[in-house]
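Okay, so chain A shows up in both of these, paired with chain B first and chain C after.
Moving on, here comes the complex of A and B:
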């Protein structure tokens, strides 16, 4: 079981959707990085991700990993946000039959999973149809 | 650089080997490879293993495996690149012999996957993805490949039946491989009626959980010729990486790391892909083989599904892909897979592949992939 530090150091990204915008080329890195993968520069300014986008691909997980056993089946997808950033998250509040490439979604803050009754509760973002 | 030859291969039956430990599985195959090579001494050994730590709670395989092979104080290394750990071990062994650093190198791969429950194995395999930004959201490996499949189907019109045909073809080949975990045929209906794992992928689209090992012995080609051994040379080796997270890729339907690794390996060998007689590729899921055939340049982008439908990749087709049965039928003990691919090519080039022999095969290629294509290794082999 990881120590809480592994979890809380990711909180700015997972709770507040903080990204890093490259000062040199404008590439938006999510999660923030040390080196820009587009141009190699190392200076970033904080940026907040766009809160909406469209689904590029998706699936329905029927055989889940721990600690998602109680949630299956659940949908996950990759969306391209309106600022061009692509990221992976669950797609919720959506009938499986309504999932499709191009579906408009917005990001919402949700509970993801928990480590038993006394462990950490993991939070983050999920996609919800607009 | 010196020319490098494979002079010995060793593999035992793969499957759920409840009675055998990681060290025993590895040692048995290593002994077979050393006996096949007919060498007394090895200068060094390199073993690919993805996650002995998570699967059996054991690291430090360099010492463990050299010890149980009875070869201490031989130099030994364990290398890891997820499901391409075996291919990476082969490349490191190749570099070691080619450079002149060592003459006789034992290259192995091993994974013991059934000492943990299916749920724990799914977790261990999931560590090849981005744990913080894919695994954190409940993604699994079948889930990631399913998303590649949905993107490929949406963009190119690849069909559910074409995916099934990959599994049917590879099981047909695997039914002729006595060392395969699942040496039997399956049908398209059987695939389409099997249980869903991650839509649209079903259980018969997925390679299995497997215990197994594989080993080969490398030496300078000059030494192999003096030993009067059938000489199969490694004439090309290519390796490339891509982003760890699938979402970061420019194109979700394209395996850039495989494409670059193949270009590098073929350039080193001085060959075009259409000069290759058979291919052992990383069909961890049916969609993977379709995308790999495109990345290797066997077909145009988007044509991989149609290629399997038209028989292009069948054992008797223009480009035989996975005559061994592939990961799907032969099994996928992740660290061993890359080495076992090389063994199938060596057997084919020696003409020892029995009733799955590709007639007149003189040149073969292996493609081994980690994660969703975050790493790829391609090797080219030629018979003398």
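Moving on, here comes the complex of A and C:
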């Protein structure tokens, strides 16, 4: 998992879905970039991603990496948000039987993982069915 | 006039029934169901805590308020289950809703009344003109010791209220607090579960403070129980709020819309605030609401609230509290509940 400093750097994205919108061509970069991959421009304005979308694809993780051991099995999906940005996140509060391509989801603030009993708690977004 | 400009509720979808807990501990479920009027309670998922619920409740309050979060000058989170012993819940909340950095933040703790404490402070900061908008959240993921009577009620939920002087959903006409030193319920530092005084938590604790606050505020406002359309009391179990209502001269009809406890459990700092959200969900312009919290230790905060016409515009901008309570539920067995609530000791 990230260090506290890396976690801190990602707070605007993990907490508030802050993206960068290219001033020249309108490309939305999430997380924000220095150079626009679409047109090469270097000026961006902050933009907030849509808080809902639909599942494009998903998988069920049964053999998880260590920080997620207690959560297995769990679903991870890619959703296309209502503003067209595609995003990967855990899908929670959803029975696997109900999970399907096209399912409407919204972003909800959850605990992502924690550094044992004594370390930092990492917060961020997950998908939940609408 | 200052008051509530937006409100929001959050309740996790997991539930556990009283019978499921009672069968593990050899207890008599019908006596809990009848004696304490409890049927089931909410349980947070492993990825939910006071902070995550406070954030979601606050986002809903923001939707109903329709304001720019950067104009919020104060953020208070009241809870007895802040995830960190040292590191504020309020900073995560303020950051997640986009209120940072021009904001004052504090975490409050006062057993079950930390939520209304935040409301009291937020309201008065707005009243004084120190801040334009202030946010107060009552949220808890409280724990009762396994097998203890509190295990049947200790639940999870959050209610958030935004205060301001314009765009009012409800005016706050009067506030009053009634506080004494009372050893009815406590948790010492580094202790995982709280302890309580059993039957002592009734008469001299809950009933004395709730009636003290309710009578005190009605005296100040020159009002009587019949002047209120609704009343919301702290709900540690089903029986106490109904009984205290009867003692004060309120009818069941006035209490019921905000009486969530039989299906929700006691959400501690979120308890009476969630009752207020459910009441606002069905209230009409001009309705008067009395809110009286209770926190062990002990104190009660009370508020006289008058609903405005804006309620009809905002109530369906976010999910209603009864909908969160009654739909999309999943029932847990005790094993999963024990895992979710970290009651199982694992190897490091």
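Here is the rule we use: the second predicted complex is superposed on the first by the 127 of 130 C-alpha atoms of A that agree within 3 Å, B and C clash if a C-alpha of one lies under 4 Å from a C-alpha of the other, contacts with A are read in each partner's own complex, and residues count from 1 in each chain.
What we mean here is this: a residue touches a chain if its C-beta (ideal position, glycine included) is under 8 Å from a C-beta of that chain, and two chains touch if they have at least 3 such contacts.
Being a predicted model, the structure only gives us computed values, none of them experimental.
With chain A as the common reference for superposition, the partners chain B and chain C occupy compatible, non-clashing space. By the touch criterion stated above, A:16 is placed in contact with chain C alone, chain B being left untouched.
Note on the composite model: angle chain B-chain A-chain C, taken at the C-alpha centres, equals 150°, rounded to the nearest 10.
In the superposed model, A:112 makes contact with both chain B and chain C.
Applying the stated contact rule after C-alpha superposition, one finds that A:71 touches each of chain B and chain C.
Annotation for chain A, partner touching more residues between chain B and chain C: B. Taking every C-alpha atom of chain B against every C-alpha atom of chain C, the smallest gap after superposition is 12 Å. Where the contact sets of chain A with chain B and with chain C meet, they give residues 71, 112. Interface of chain B with chain A (complex): residues 119-120, 122-123, 126, 132-140, 142-143, 146-148, 150-151, 154, 195-201, 243, 245-248, 252. Across the interface of their complex, chain C is touched by residues 11, 15-16, 70-71, 92-93, 108-112, 116, 121, 123, 126 of chain A.
By the touch rule above, chain A contacts chain B in their complex via residues 10, 31, 37, 56-66, 68-69, 71, 74, 76-78, 86-90, 96, 101, 112-113, 122, 124.
Residues of chain C touching chain A in their complex: 13, 45-49, 51-52, 55-56, 59, 83-84, 92, 95-98, 328, 339, 348.
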